[in-house]
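As written, the chain order gives the labels A, B, C, D and E, with residue 1 at the start of each chain.
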Amino acid sequence: MIDPLIWLILLPLAWATLAFLLGPGRGARTAIAGLSLQLWLAFDLAMKIGAGGPALHAVGGWGAPLGIDLAADGLSAVMLLLAQSVALPLALYARAYFAPDKTETRYFWPLIGFLLAGLNALFLSADLFNLYVTLELVGLAAVGLVAAGGGAAQVAAALRYLFAALLGSSMYLLGVALIYGAYGTVSLVTLEPLLTADAPRIVWMAGGLMLAGLLLKTALFPFHYWLPPAHASAPAPVSALLSALVVKASFYLILRLWLGPFAPLVGALAWLPMLLGAGAIFWGSWQAIRTPHLKMLVAWSTVAQLGYLFLIFPLLATTGALQAGVMQAVAHGLAKAAMFMAAGVLIKATGQDMVAGLAGVAQRLPLTLFSFGLAGVTLMGLPPSAGFLAKWLLIEAALAQGYWFIALVALAGGLLAAGYVFRVLRQAFLLAPVAYAIAAVPRTLEWTAFALATASVLLGLRGVELMALLAAGSAP
Amino acid sequence: MKTAAIVIGAAAFAATMIAALLDLPPSAIHLPRLVDANLPVSGVTHPVTAVLLNFRGYDTMLEIGVLLLALLIVLAVGTHDGADAAPTADPMLQTFARLAASLMALVAVYLLWAGARQPGGAFQAGAVLAAAAVLLHLAGVLPAWREPGALLRSGLAAGFLVFLFVAMALLSQGTLLQYPHAAAGSLILLIEFALTISLGLILAGLFLFLSGGQGSDS
Amino acid sequence: MTISLAFDLLLAAALLWSAWRALVNQDTFRSVILFIVFGLLLTLAWARLAAPDIALAEAAIGAGLTGALLLDAIGALRGKDRQP
Amino acid sequence: MSSGLIFAITGVVLFAMGSAGMLLVAHLLRRILAFNLMGSGAFLILVGLAQRGGTPDPVPQAMVLTGIVVAVAATALALALLRKLHTLNGRTELPRVEDD
Amino acid sequence: MTLNEFLPLAVLASSLLPGLIIFALPENRVGVRTTLNLLAALAKLALVGILLFGVQAGEEFGFAYAVLPGLDLTFKADALGLLFITLSAVLWLFTTFYAIGYLEKAPHRSRFFGFFSLCVTATMGIAMAGNMFTFFVFYELLTLVTFPLVVHRGTAQAMRGGMIYLAYTLVGGALLLGGIVWLHSLLGHTGFTHGGVLATLDSSTHWQLQAIFLLLISGVGVKAALVPLHGWLPQAMVAPAPVSALLHAVAVVKAGAFGIVRIVYGIYGIEFAQSLDLLTPLAVAAAITIVWGSFRALFQDDLKKRLAYSTISQVSYITLGISLFGPIGTIGGLVHLVHQGVMKITLFFCAGNYAETLGMHKVSEMAGVGKRMPWTTVAFSLAAFGMIGIPPLAGFISKWYLGLGALEARMPWVLAVLAASSLLNAAYFLPILYRAWFMPQAAAWPEEHILMQGNRETARLLLWPPLATAALTLALGLFAASSLSPLEWVKLIADREYLTWTP
């Protein structure tokens, strides 16, 4: 009689508060226990949705439009699964990564808890205003994690991130205000039949504002300026969480609105995200190929990989495109978390973060380098990996509708990704300079990164269940 | 160049939107009627409170989470320099501040109590409490806060915890935050009471932690 | 009707003016003072919109607490070293 | 013209002003002000537009109450970061982004 | 799961699992690693034996499972696949022995043998792929797992070679992927079938099919080192000798050539490909590659580079044979898949021996080496004669059938290409042999690592593998008519591909 849908929101809130009560630096064990339960809940929910279709929960028993609805369909179940399966290994990693009494960890665990709660609540909400609150919860927690205990560069990056996030959510909020003004409701379910192609102009503007705000939060090129400094300067576990999950949250919301209430309006607009996505792929990859810093490289790679998510928009008429987008979101989530974790190990071990300083790590940290390589395979979209399946689905959807241009971008993007992934691997395989010291790193760090990297590859051998779950109800 | 483009863009945006606002037809759904219709079973008689704590209580719960989160981040960003220079003011002012603060506490209690029926409620009451704390600080009675102890942490989290606890307890009936009819009023009051204390502490904390942390107060 | 309309328009103009001045003023202290004035005007606007709850919250939180936070921040920013 | 519509229009202008300010103002403290103006603009539109017929609507009012609390939380957070930045390197502006 | 489904998976697992275990082994567990390597190679041979026996008896071995809805990984051990599998399994055993000897004291052996096993796994996957999708998965896997082998030495030069290798193969992979997905979107599947699967498509799609052919062939042509896509191969010579041997004889270039075979026979169907006018351009490309590769080989003083250009030339014999319309050409091409592998691996083993024993890398340093290392040089000579096509060695059989095939296909200019190539082969191999056997030693050996021990010219494990493969070169030619020879097997395949063909 436990409804996983609700507990996925309440549980992280509960352990976050508990961790806060326990005091600074405490709460790791509580968090890990909570996250393990959440992972189980997410599987449970996926199972229920896979068997019984979409679920709707009217909070307070009121139901839309008076109350707030929580809704879970295949898409939300996939995202919830992704979030919990990335978060748990990441928590284990973070526990080993942070020295016990460093300032940056004083409130790390409650912050992670609020972030997870925000993400889960966002994936489950079917109410535009409630989504705004969850967006803020996610955004502020993410900014806090970037800033916590950092130096000037880190705080500056956090501020830049904060202003981007606030600008984005304010635009989204205005969109919600206009929608309420036009229709008198903010419930997605109620809105869907009301919002038609002959909607008043203000609704178009609302849609545009919400889209722009969310694109800013997703860091789609050219709104990506805040992402590389923030993701590169945060501690590795935080970077992993931000790149793997947080940017996906606003992408999920765009997709949800695009396929949901705004579907009648978006037809002509579909090329815009696609073109920006193509721009992101080229610009992000190019910057990743150029930057001398390891974590900056990984962060720019996120900018590029987010571009793929937006290539699907002109193709959404076929189910293959949605599958491609979701597969890419999952593949990138797992792989990028693993890559940031591996980068964190490399930086900890070598004591510096230049790509050029990695010579010889292949001999000393083979497992970590292997994880980095596996994650790279996914990002390059090479088989057998989830990234490859995503690319396959995308190209197939593009060719099936005659948009060979999109297929070309996807193929070229894979090659560019190889450019920056192999930049690192090549350096790592070089012979080590003489008198070369590498600090010992905890085993947990290496193995958790490896687990996620392996997952991103193995998913490429078995995507059927995930796609079946996604298909288990596209509309709430 | 960039400046001009942004200013023109903003102006064009405003103009287009105002034009679009002016010919907006009435909305299809009229929620106030629904609110009125359900007000009798909400446990309170003031519609805004009913929306805040019952119809859309889930929003409010998350929002308290956001506030607590902001406080957490203020703490996490770090407060380890700057001497704790407690401002000293003259005794007259201190006496006045104490008096004013007691009055404000009374106002807060009233606001909380009145919130069920008329404008007011936890938010306003909490804000008034916080203002009282800020006033006391400015008058030199209340020093700035540093690292919170276990008691203060419990106080800060109490409102959110009570809210969360009520939500969990009510889940035994199957639905999130669905109050039983008979108990709705008292449950809402309980939540509001806890919220008032926590809101007051958090809002005051946002000021007092920041103030005690990095600022070298003059 | 016309008086209330005139009052609304005047209030709107005052809101926009104070907001504008708060944004463009080069002196941050004055900016913040203007912002607090803006908050108080906004309180009036909420009252005109028959939203006393928001008016109370705006006065206490929007103008009051935010204003206090901003002023305290200015004190801190100026206390360390003077910005050019 | 109802009060609602007047203040909704005021809100639009405030929002435009605030967003331009967010993009243009370099001093972070005033950028925080700009964010608050944006928020206030959006709140006015939310309530004003919903009440353009003249009847009060408690739902957007409650939403605005929520929004105000979120805004003050964000403001406090921004100020905390700004003050931290200032104690670390004495600056109140963000460095320029390297590539644009 | 039946046994017939299980066997193809077991063939994959017999190198995949040991590979993964080897990664985890500490560097100094030489005994465990060696045992594991050899047991795995022998187990694979045994499995392949069962498959060979079964296929001959008409059994079907295959396994499919869905990766995505409507997209299957399929494995199928058919006659053509088994040809490649057997070649790989046999040569893997030899190369394993050789590599154990070659890397006796080198660092990072766990990494090396781990990727080495994965490389063979990928090759097996390519050979057993039942559709283009599966083929592509393993084709790209092969790229990934060979990269660490190519750059194994970790020098700047190795890196350069490795990056060039990657650049070529990844771009090739992208082209191939584009072609495969395009094909999939037209056809709904990419399965290999005897006689091809495309002939039934509407004629309006024919231009697309031609474009897809170009994409696919460019994609696999990179690994098959078709000119002008061959630039990576001479650069990849920086790899250790066992890797070069494996890359050139079995894994990489063969994967490319085998891909061309699958595309022409399994997807397009030889007859349909002919009707789309695809074969003649392919034959021309192969002919150009043959002549150009041989020509460039003439000017290489670096022994491994000379062999590399020789590979470029020789692998295109396979492509040439495929593109000659008619069963005899097919036989010539396919049998060369095996023959070239055996001969070229011998040559690379020998080159490795010269380098490892005497530090000798250049042709100009080889004067008199026949006296110092007679057995190695005998093996080298046999393989070189085979390459030139002197009877009764393996290479002669291939060229004989290719020539006949050219006449059958009414493409007499191919004969001229074959003749020119053979002359060029002689021109770059014979001077080496002359130098080795008949010129006196001019200077001290560049760097003598392994001294003469009694009659033994070099380490035992370095000597036996080339001798064995050289003997095989001779045997493949001498016993070509035996019912167990690759030639007979290939005739069986050609029979099946030309079901509807009447001369």
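By our rule, a contact is a pair of C-beta atoms (placed from the backbone, for glycine too) under 8 Å apart; a residue touches a chain by one contact, two chains touch by 3 or more.
Everything quoted here is computed from the prediction, not taken from an experiment.
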Provide the labels of all chains in contact with chain A and in contact with chain C. B, D
Starting at chain C, find the fewest moves between touching chains needed to arrive at chain E. 3
Of A-E and C-D, whichever chain pair has more C-beta contact pairs: C-D
Most distant chain from chain D, judged by the mean position of its C-alpha atoms: E
Among the chains here, which has the CA centroid at the largest distance from chain B's centroid? E
Chain whose averaged C-alpha position falls nearest the assembly-wide average: A
Which whole number of Å gives the spacing of the CA centres of chain C and chain D? 11
Centre-of-Cα separation between chain D and chain A, whole angstrom: 27
From the C-alpha centre of chain B to that of chain C, how far is it in Å? 19
Per the C-alpha means, the centres of chain B and chain D lie apart by a whole-Å value of 17
Set of chain A residues in contact with two or more other chains: 129, 133, 136, 140, 143-144, 147, 155, 180-181, 184
Can you list every residue of chain B that touches 2 or more other chains, as numbers and ranges? 17, 21, 24, 27, 31, 35, 48, 55-56, 59, 63, 66, 69-70, 73, 77-78, 123, 203, 206, 210, 214-215
Residues of chain C that touch two or more other chains: which are they? 53, 57, 61, 65, 69, 73, 76, 80
Those chain pairs meeting the touch criterion are A-B, A-D, A-E, B-C, B-D, C-D
Chain C residues touching chain B - in the complex, by the definition given at the top: 52-53, 55-57, 60-61, 64-65, 68-69, 72-73, 75-76, 79-80
In the complex, go through chain C and note every residue touching chain D. 4-5, 8-9, 12, 15-16, 19-20, 22-23, 28, 31-32, 35, 38, 42, 45-46, 48-51, 53-54, 57-58, 61-62, 65-66, 69-70, 73-74, 76-77, 80-81, 83
Any idea which chain D residues touch chain C in the complex? 1, 3-4, 6-7, 9-10, 13-14, 17-18, 21, 25, 27, 29-30, 32-34, 36-37, 40, 43-44, 47-48, 51, 56, 61-62, 64-65, 68-69, 71-72, 75-76, 79, 82-83, 86-87, 90, 92
Hey, which residues of chain D end up touching chain A in the complex? 8, 15, 18-19, 22-23, 28, 31, 35, 38-39, 41-43, 45-46, 49-50, 52, 59-60, 63, 66-67, 70, 73-74, 77-78, 81-82, 84-85, 88-89, 94-95, 97, 99-100
Applying the document's contact rule, which stretches of chain A touch chain E when the two form their complex? 323, 360, 362-363, 366, 370, 377, 380, 382-384, 388-389, 391-393, 395-396, 399-400, 407-408, 411-412, 414-415, 418, 422, 425-426, 429-431, 460-464, 467-468
